[in-house]
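Two complexes come next, and they have one chain in common, chain A, joined by chain B in the first and chain C in the second.
Here is the complex of A and B:
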């Protein structure tokens, strides 16, 4: 279950939260521990009550304005899950929520949530598969039931239940759940092992497993503490231990096949239509240092992406730290040269040139912006700027 | 736990009205909101308490349903919205070299700090702010509870400071109910 609005998966995967326990297993749990196919809890059991609450939470997602309904994107994420657990394909229901934080979760009744901040940060299908495989493992191993059961027994669960059943959106619910729910470290290690097993059995390259975690840990360090979006550090000894375990297992598995799937092209094709919007939303959080890390990570795979260079320029322009003005203009110029940037690249360049005092360059950029986006909703503002240059 | 705190901060703008101490605002009497800016309220409003958040807010049906917020005289180096418990160094601040695009983005980042989602701005355009040149823009976002909100803002940069007025309400029903009234309020601005 979700633990943190942003890095709960990281928390889950790296066992940064939860009760202190001795190191547990790092191999898959036994088959007897796995949720039976087509399982439904006995109607008079406490688990049935948890399913009922899960169902109410699920209905709130169905009516949430945050729900991403695009059929193609939903079908793509569903296909990835079905590759991991083909026999459960029909029983796991996926809800993509338009929230710019890194997040995914499952409920005891088979509801899976995937937040767009996760889809933005994953570089390829394999990385998405490892994340979803880890979470699916919590569900298969019935950790979700244990988690919800523990949460139910806390005084705060009534408040959570109220929120969940009020039909509200995602973030407030999970903020409340944050204070209630945490997998134990043994559960996390079991999910690590089972998740790796599921994803590699589906053919996904093992090396991709720990890749994203490393990037997220770096991103975490840039977020102000009070905002609590990322509140774990890689100084935690258990984090290091589990990262080492992931890397070691990946190294052992990597030579066993030579046809591992990474799925970069498929992933980009599935997410390309949404990335500009997701990047805008990430920028809107005002976490400019974190956004810059994210963009730079994505640029490692796509160094000639005009779209990414445009957003790099936007981050520099909005952050406006020492030297950022020039970096913004440089990024905008590269974005224009590389191609693929939105028309707004000229607006960003014009704003930067105008503030730098280069009226001729600003005028040229603004004119190019209006030519590239003749129906832009800020046309009157740009024309106002032009009239004062 | 920290994310619960973020949720609480995000809810503050709307939840502030849960306490007592509302002040009645007369419909026809001009009200000075600060920084030598006055408006004519047009309808009867209630000024709501805002513990922990800067600015002044008026509401007709309750701050969860409509909120007309005034941030007059934001000085250089100050955040647009000051939030109790949030370190000021972590908030983006107003600067005199900002252009209207920057101010709009400043509001966006402040809303992001409050935990709002899907923040989108549009229709940035020049507009009179009383007798001076100002600008307007529209904004949409979702609250952490998933409520789809709409907003309209007017601002001016005068004497090295920023004056900003923003109205926001749920997009369904409440925004439309008061948008014409807010337009008249914006037209009534006197700034000296």
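Here is the complex of A and C:
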């Protein structure tokens, strides 16, 4: 989920949802704008109020059922942040939340949310590093505070204006909101510039930044706008321009080193144990076209992954568009041949064969499923099918 | 996570508006409530209040204030303690909630309190719940009783905003506009809304509940915090 901050007062108050991304040649923020080390805001300041609210949010993360507590995964993500900003390693607290959308967000007090939908979509450590670098930059540059002050002051002006013009001000209010968004886009650009600096200084390959964003925008296009999952649409006037700038910037930086870090193996090792669950959750959203793009993107890196092939089959089977039934069966067969697919691949195959009317093949697949997963939750259902085949 | 908080605040603001001007309270008791103390020393656990103080800006946004919230926390704690001791009840403060189960109970209270506001105070009456208070946090509260040795716990929710100079100017402007043109935009000033529950920790049942709404009162001041406590706990059947 890509949330446009200025539209969401709540978001403004709590966290900058910084996945709205752009790389611009904008001037990097100067050193004096940067949050001092071990900083605590003066108690009577608006900033302290924002930190207090962030603290409430942070406490709710600590007891949230969505919190992913796995120590190894947490240590891995933290290690990437620490590579980017070693001196802030202890001031940034990471909360991995089991939410199947693409997002990361940073609160002004140093609370960073990383959603599992993001971890699922990144291909390697470098891509993760660019996003975390962007988020960290919002924190370093205290963007929530500037965003809050602007929203407060602009909405104050809007209220005066509405009174002064006795209701005629409604349009002006809209215009005001637009200017708010324009400012926040500047902040996004600034965070991108600083994020790119941080991640490339840590040695991560700049091309990876643009690569992930191209994939995301393609995926976003497949989801109906009215579902509101991706706030940030392609129709947005300067998205294409930003994409172009980002690609250009990556192209400029790329030749400056020849030993860029991509970190594919480390990334896979850190996330392998969770991927099946994350893919299952993504599938559960019912955005089959988007899921298919995602799976195909992941298959580019791992063409022989039985796990990914199984999910490809599941997407086809559940989407159930014309020709999908055959595609699903083909994918299940490849998944079984490649190895590494979950036992449910036999269930998928059995359901597909049953639907196609091939009772013998369906029976065989269901029997294999129960043999491979004797304690499956849906055992009773499968046995019922078997009794009718 | 935040949504429910916002919903509660919104609901409270609407209720406060419907209840009108100065400090108003309206309480509910559970049917046939009789306090039952297991020890000669009566003890009530005071769960850290869910408390936010903020400044209502000219545009109507509430800017949370950490310093005000902190002072209010201190003043409320001492005033609650002295109010209860006058009633011959000892208090056990439960500050800095860190235990996951206790945090969940505090959140549950905010959620149940929100439901009480909607269904007992608001227009959405439930056919199964008549005049007496019939709400519970469930027997999960027993853990608190075992841990702190108190038979009852008090949960408090306070949302308190203060009009900034800018907001004051907008209100003044709207009054002038209203006088001259007859167009009267509703511009609200700062307000104080709070609800409190007394919970029997053996059953989790809410035995007494009160809602307070007020356009005056200042929790940043020790004396005013004392008045707030006196007002909201006035009809507590202890």
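By our rule, the second predicted complex is superposed on the first by the 324 of 389 C-alpha atoms of A that agree within 3 Å, B and C clash if a C-alpha of one lies under 4 Å from a C-alpha of the other, contacts with A are read in each partner's own complex, and residues count from 1 in each chain.
Keep this in mind: a contact is a pair of C-beta atoms (placed from the backbone, for glycine too) under 8 Å apart; a residue touches a chain by one contact, two chains touch by 3 or more.
Because the structure is predicted, anything quoted here is derived from the model rather than measured.
A.B. asks: Have a look at where A:53 lands relative to chain B and chain C in the superposition and call it first, second, both or neither.
C.D. replies: Only chain C; A:53 stays clear of chain B.
A.B. asks: Thinking of the overlay built on chain A, is A:64 touched by chain B (first), by chain C (second), by both, or by neither?
C.D. replies: After superposing on A, A:64 lies in contact with both chain B and chain C.
A.B. asks: Per the contact definition in the header, classify A:152: touching chain B only (first), chain C only (second), both, or neither.
C.D. replies: second
A.B. asks: Output check: A:351 vs chain B and chain C. Expected answer is one of first, second, both, neither. What do you get?
C.D. replies: Only chain B is touched by A:351; chain C is not.
A.B. asks: Report the partner of chain A that touches more of its residues: chain B or chain C.
C.D. replies: B
A.B. asks: Just chain B (first), just chain C (second), both, or neither: which does A:43 touch?
C.D. replies: In the superposed model, A:43 contacts chain C only, not chain B.
A.B. asks: Considering only touches as defined above, state whether A:100 meets chain B (first), chain C (second), both or neither.
C.D. replies: A:100 sits against chain B, while chain C stays out of touch.
A.B. asks: Find the residues of chain A that appear in the contact set with chain B and again in the contact set with chain C.
C.D. replies: Common interface on chain A, chain B vs chain C: 60, 64.
A.B. asks: Enumerate the contact residues on chain B facing chain A in the complex.
C.D. replies: My answer: residues 1-7, 11, 85-87, 90, 92, 95, 97, 99-102, 105, 108-113, 115, 117-120, 122-126, 135, 142-148.
A.B. asks: Going by the contact rule at the top, pick out the chain C residues touching chain A in the complex.
C.D. replies: For chain C paired with chain A, touching residues are 1-2, 6, 52, 54, 57-61, 63-67, 69-70, 97, 100, 103-104, 107, 166, 169-170, 173-174, 177, 181, 183, 185, 187.
A.B. asks: Which of the residues in chain A come into contact with chain B in the complex?
C.D. replies: Touching chain B: residues 4-6, 60, 64-66, 98-100, 168-172, 174-176, 178-179, 224-229, 231, 280-281, 284-287, 318, 320, 347, 351, 354-355, 377-378, 380-381, 384-385 of chain A.
A.B. asks: Considering only the defined contacts, which chain A positions touch chain C in the complex?
C.D. replies: So the residues of chain A in touch with chain C come to 9-10, 13-14, 41, 43-44, 46, 48-53, 57, 59-60, 62-64, 148, 151-160, 162-164, 166-167.
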